[in-house]
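Note that subunit A is present in both complexes that follow, paired respectively with subunit B and with subunit C.
So, the complex of A and B:
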C-alpha cells in the first residue's frame, strides 16, 4: 500500500510538472504580456520593467528560473496588483473555494448515492420518475442559470418571510455557503444519481444478492451490506473527475454569488495576462486535483478488495 | 409399443393415484399442486404447472429435466427467490413440518431461509459477495439466525470451512472470493449453507460450473455432510450421472410438470415415461461401447423444448414423443402408479404421467 501510494505521488508530481510546463509555454504563446495595457509606456520604462520582472531574458531561462521558484513553493509576485504575492492570494482565497468545493462534493456524493439507491428501489414507480425528471433537469441546466434562479427564488422567499431566511450572496457564515454549494454540486449530484441508479439496478439482480436472500438476511441488511457497497464502486471511480468538474465549475458560481474565492483571480489573471497569478493558480489547482484523484484511488482500494495492492 | 388411437379414454379410467395413497408417510417438506407463472411483455410464461412432491429427512430427491423445464423456478419459488412481480405463485401449497411456507418465509417469527432450508447455486463465482470476506459471509448467517456475536460467528465459520475440507481454513476465512478457485468457492458456499444445520439443503446444479474431478469431490462432500447431519437434499440437475450417484428419489420434469417420479432404481431401470427413456438414451455410457452393440451413438430427443408461453395441449411431451397417440394431444394424462423395483418402498412411489399406462393401452402393449 505504501509503495503504491509513493508511486502514485511520484507520478502525480510528474503530472504537475507537465501542467506547469504546458501552462508556462501556452501562456507565453499568447500575444502581449502583462505590461501591455491601457497606459502607453515609453520604451525606457518598459525596458526597465522588463528587466525588473526578468521578462527580457530568453524564454528557456525564464522557464528554469520559474521551475526553481515553484519547487521552493514560491509563486512570485503579481504583475497587476501592487505588492501582492501569489502565495498570499492563494492562502487567503483558496480556503474559501475549498470549503465551497468540499461542501458541494459532499452534497453531490451523499445526495447522488441516496437518490440513486432510492430510484433503483422504486424503479418505474412515481418516486423514480419524479427524481429522474429532476436529474435530467439538473444535468441539462448550466450552473449559472441555476445560480440566478436560486437567487431569484431567495429574493422572493426573503420578501415573503419579511427577513433574511438565507443570504443571497456574499461570504461569512454557514448560511452563506448553503445555496452556492447546492447549486455547485447539483449537476454532479444529478450525474451521480443516474450512475448510482443503474449500478444499483445491476447489483439488485446479482447472484450474491440472491444468495443473501437465500441465507435469510433481512432486507435492510442486504441493502446496506450487499447492495450499497457494491453499487457504490462506480460512483467512487468517477468521484475524482467529479471533483475536477466541481472546482472548475466553482469559478462561475463564485462570481454569481459574490464569493471571494480563488476562481475570480484565476479568470482575472488570464484576462490581464498576469503571468505569475496564472501560473500560481493553475499549478496549485492542478496539484490539488492530482492529489484528490490519488486520494480517491486509495479510498477505492479500501472499499473494493480486488483493487487493493498490498502484500 | 403401440401407436393405436385411444379416443374413448376418460380421466376416470385406468389407475390414477389418489391423494390418500400419497399421504402414507410424514414428509419433511410437502409441495402440492404448485403453479408459478411470470407476467412478461410477451405474455404469461407458465413456468411451473402443478408440481407436487415431498421430501423426507435424510433423503436426496433429484429433480431432473432439460433447461427451462421449471426445476429451478420450483425450488426458488419455495425459497421466495423469484422476483415478484413479474413472478407469481398463483396456486398450490407448500408445507415444512406442517407449516405453510408459501405465504410467509417466517415460521415462529424467524426466517426459515438459511435456518431450515438453505441453498447452493450453480455458479459460485458470482454467488458470493465480492467485497466481503468468505468468513464474514458465512458468519452473517449465524449472526442472523443464531444471534452469535461477530467473533463467535467468525470462529464457527472457520470450523465450517474445515468441515467443508478447505485447507488452512483460518487463513482462507479472511480472504475474498476472488482469491478462491471455483471448486473452493463451491465448498465455501456449502459451508455457508450448512452453517445453521438446515433440515433441507437445496443444491441447484451445484456441479455444472465445475470440472469433472472437482465435481466428484463436491458430490462426495455433499454425501458426507448428509451422513453427518442427516439433512435432506434436493438436487437439481440435468446430469443423470450425478443423479445415479446421489439420489434416493428422482422427479423428472418437463414443461413445468412432473412427468415421472420414483426411486432412482425405478427411473433408471424401469422408467415409465417416454421422456425419461429419451433422457436415458441421450446419456453417454461406457457400458454400451464395451458391449460393442449397435447403440454406440447417442440418441437425441427430436424437436425442441416447448414454448411455455403457450404449452402444448394434452401431454406437453406429445409433439416430440415417438409413442404419441391421438389422445395425447387432447387430454393431459393422469399420474399412473407403476410397479416399483425398490424392495424397501421407502421413497416416492413410482408414477408416470403417460397414457401408455392407461389400462386400455396397457392391454394392447403385449400384442405387437
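So, the complex of A and C:
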C-alpha cells in the first residue's frame, strides 16, 4: 500500500511539472504579454518594466528561474494586482472557493446518492420520471442562468418579505453561502443522480441481493448494506475530480454573487495575461486535482476490498 | 470540517451588511467592478484605482463639480512657457496630522520617474525638465526640474511649453507621497489600508482584498465644509452588471449602471434614468502600412462612404447614451471659449454608394488589382464588438462586394496584433488622459507608439507640433480643427461612436458626480437628503 502510494505521488509530481511547463510555454506563445496595455509604452518605460519583472531575460532562463521558485513554493507577484503576491492571493481566496465548493459537494453528493437510489427503487414509476426530468434540467441549464435566476428570485423574495430573508450576494456568514452553494452543486448533483441510478439498477438484480432477500433480510438493511454500498463505487470515482472541478469552477457563481473566491482570479488572469497569476493558479489547481485523484484511489480500497492493491 | 473552520476564521467579518443609503449613520454604499489593482499613486493607471485615490488623496488641483479646474492642495498657481509655480495652502494635512508640503510632491514625482519604480504613466511627467533622462536612468532623480524653495512653494521647470500643464495634474501620478512613510512601507506602499498615508477627504479604514472596502471621513482634511458623508462602503466587488442591478433593487447599493435590456423595467419602476458619456471615442482604425490595400486613400474613402455610423448606433447596436461618431475629438472637449465641437464643427460624411464604387475602382487601378482581396477585420471578443463587426462585414459585402474576415481576439492579443500590423482594419477606442484636445490630437503622429496603423503624414505631424508647442489658445484650437479635417479628408480613421453609460442613483443621494476626467463616480462632495425624491 505504501509503495503504491509513493509511486502514485511521484507520478503526480511529474504530472504537475508537466502542467507547469505546458502552461508556461503556452502562455508565452500567445501574442501580447502582461505589459501590453491600451496605452503604448515608450521603449524606456517598457525596458524599466521588463527589468522589474525579469521579462528581459531569455525565455529558457525565465523558465528555470520560474521552476526554481515554484519548487520553493513562491509564485511571485501579480502583474495586475501589483502589490500582491500570488501566494497571498491563493491563501486568501482559495479558502472561500473551498468552503463554497465543499458545501456544494455535500449538497451534490448527498442529494445525488439519495435521489439516484430513489429513482432506481421507483424505476419507471412517477417519482423516477419526475426526478429524472429535473435531472435533465439540472444538467442542461448552465450555471450562469441558474445563478442569475436564483439571485433575481431572492431579490423578489426580499422585496415581498420587506426585509432580507437571504442575502443576494456578498460573503461572510453561512446565509451568504446557501444559494451560491446550491447553484454551484446543482449540475454535479444531477450528474451524480443519473450515475447512482444506473449503478443502483445493476445492483438491484444481482444474485447476492436476491439471496439476501430470500434469507429474509429486512428491505432497509438490504438497501443500506448490500445495494447502496456496492452501487456507490462509481460515484466515489467521479467525486474526486468533481470536488476539484467544483472548487475551481465556481467562476460564474463567484462573479454573480460577488464572492471573493479564487475562481475569478483564475479566469481574469488569463484575459489579462497576468503571467504569475496564471501560473500560480494553474499549478495550484493542477496539483489539487492530482491530489484528489490519488486520494480517491486510496479511499477506493477502503470501500471495496477487491481494489486493495497490495493483495 | 477543519477546512471549513479555517475558511470561516480566515474571512470572518468580511460581511458588510449595510444599506445603500444609511441615513442614521450618514453612509452610502457603492459597488466596484474589480479590486483596485494599484493604490500606489506613482504607478496607478486604471480607472478603479483612480476612483479610490480620488476619494482618499488630494493633488495640487482637482476637477470641481462644475467640471472646471480648482485649487486643492494648491491655493493658486501660475504657468508660464518655462515654469509652473504652485503656492500650497498651509492647512493641508496628512491623515496623521502633519502638514502636506511641497517636498511631498517633489518626492512623489521623482519616485514615479525612477527606472526601478517602472511606472507606466511616467510619460505624463515628461513635460518637466530632465524627466525623460531621469526615467531612463541617465540622470539622478534629484536633478528633476522640480524644487521646493520653501515648504509651501513648488517650482517646476518645464522641458517645453505645455499650455495645459495644470490640467494634467488631475491625474493620480501627480498625487503627493510622503517620503518617510513611503520608505517605512518597504515596497508595499498602497498594498493595504494601513500601508497608505491619506491627505484626501476620506481614508480607507478597512480593505479586504477582492471583497470589500470602507472609506471613512478623514478628520485631518482641510476642507471639512465641503464634505458631508461620514462613510462610503464598497461592500461588493463584481463585474456582473445584472448582479449590480440586483444589489440596487435590494437596496444594498446607492447607484448602479443599466444595460439596454434593463431600461424598460427601470422606466416601469419609475426610476430616474441618467446618462453620462464616459469620454471614450471608438473608431475604425486602418492599417496604413504600404503593403496593405487599406494604405490606399481611395480605398479608405470608399469604405468611409458606405459605413453609416448613424445606422450602426441607432439601428444596430441600439445602446442607450451612445452617439454616432463624427470626429476623433469627442463632443465634451473644450475649445478656446466654447466646446471645440461648436468652434470647429466636423464635416459630416453622407453615405453614397455610387461614389464609393468609383473610389473603389480607382483604388483597384492604382493598386493594380482586379478585385479586392479579403480584408481582415480585427475585433474584440465581446458581444457588442461581435454585432459591430458583423454589421461591417455585411455592409461591405452588400454595398461594395468586399469580403471581410473577422478576427476576434481578447483585448491583449488584439493590441499585440495591432502593434505587429497583423490586420487591415480594427475596431479601436481611445480614452482621454487629461482635459485637453491634445490627449486625442497627437494619436496619429508618426512618432506616437499608439499609432498602431502607422499612419505617416508630414502635414499632420506639422499640425500636431503646432498644437503641442504653441501657447496661444486660438492658434492651438485652429490646429485641432485642422487635425480633425485632415483625419476626415484622408479617411485616416472612421469615427464610430462616443460611448455612453446609463445609470440610476437613489433619489436620496445628492451631488454624485460622474466625470470624464478624474475620479468617476465621485462621491466625495455628495450628501444624503432623507426626504429626497
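Quick note on the criterion: the second predicted complex is superposed on the first by the 306 of 311 C-alpha atoms of A that agree within 3 Å, B and C clash if a C-alpha of one lies under 4 Å from a C-alpha of the other, contacts with A are read in each partner's own complex, and residues count from 1 in each chain.
Just so we're on the same page, contacts are C-beta pairs under 8 Å (C-beta built on N, C-alpha and C of every residue); 3 or more make two chains touch, one makes a residue touch a chain.
Just so it is clear, the structure is predicted and the values come from calculations on it, not from any experiment.
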item: Fit-or-clash call for subunit B and subunit C when the two complexes are aligned on subunit A; value: fit
item: Which superposed partner A:99 touches (first subunit B, second subunit C, both, neither); value: second
item: Contacts of A:52 with subunit B and subunit C, given as first, second, both or neither; value: second
item: Which superposed partner A:258 touches (first subunit B, second subunit C, both, neither); value: second
item: Contacts of A:207 with subunit B and subunit C, given as first, second, both or neither; value: first
item: C-alpha centroid angle, subunit C to subunit B via subunit A, nearest 10°; value: 160
item: Contacts of A:153 with subunit B and subunit C, given as first, second, both or neither; value: neither
item: Partner chain in contact with A:172 - subunit B first, subunit C second, else both or neither; value: second
item: Subunit B versus subunit C, judged by how many residues of subunit A each one touches; value: C
item: First (subunit B), second (subunit C), both or neither touched by A:303; value: first
item: Shortest span in Å between Cα atoms of subunit B and of subunit C, once chain A is used as the common reference; value: 28
item: Contacting residues of subunit A [partner subunit C, same complex]; value: 30-33, 35-42, 44-45, 48-49, 51-52, 80-84, 89, 92-93, 95-96, 98-99, 102, 148, 151-152, 154-155, 158-159, 164, 167-173, 176, 255-258, 260, 264-265, 268, 271-273
item: Subunit C residues touching subunit A - in the complex, by the definition given at the top; value: 3-4, 6-8, 10-17, 31, 34-35, 37-40, 43, 45, 115-123, 132, 135-136, 188-191, 195, 208-212, 235-240, 242-243, 246-247, 249-250, 252, 409-413, 415-417, 419-420, 429-431, 433, 448-450, 452
item: Residues on subunit B engaged by subunit A in the complex (per definition of touch); value: 79-81, 83, 105, 110-115, 118-119, 121, 123, 126-133, 140-141, 144-145, 176, 178, 189, 192
item: For the subunit A and subunit B complex, residues of the former touching the latter; value: 205-208, 210-218, 221, 225-226, 229-230, 233, 303-306
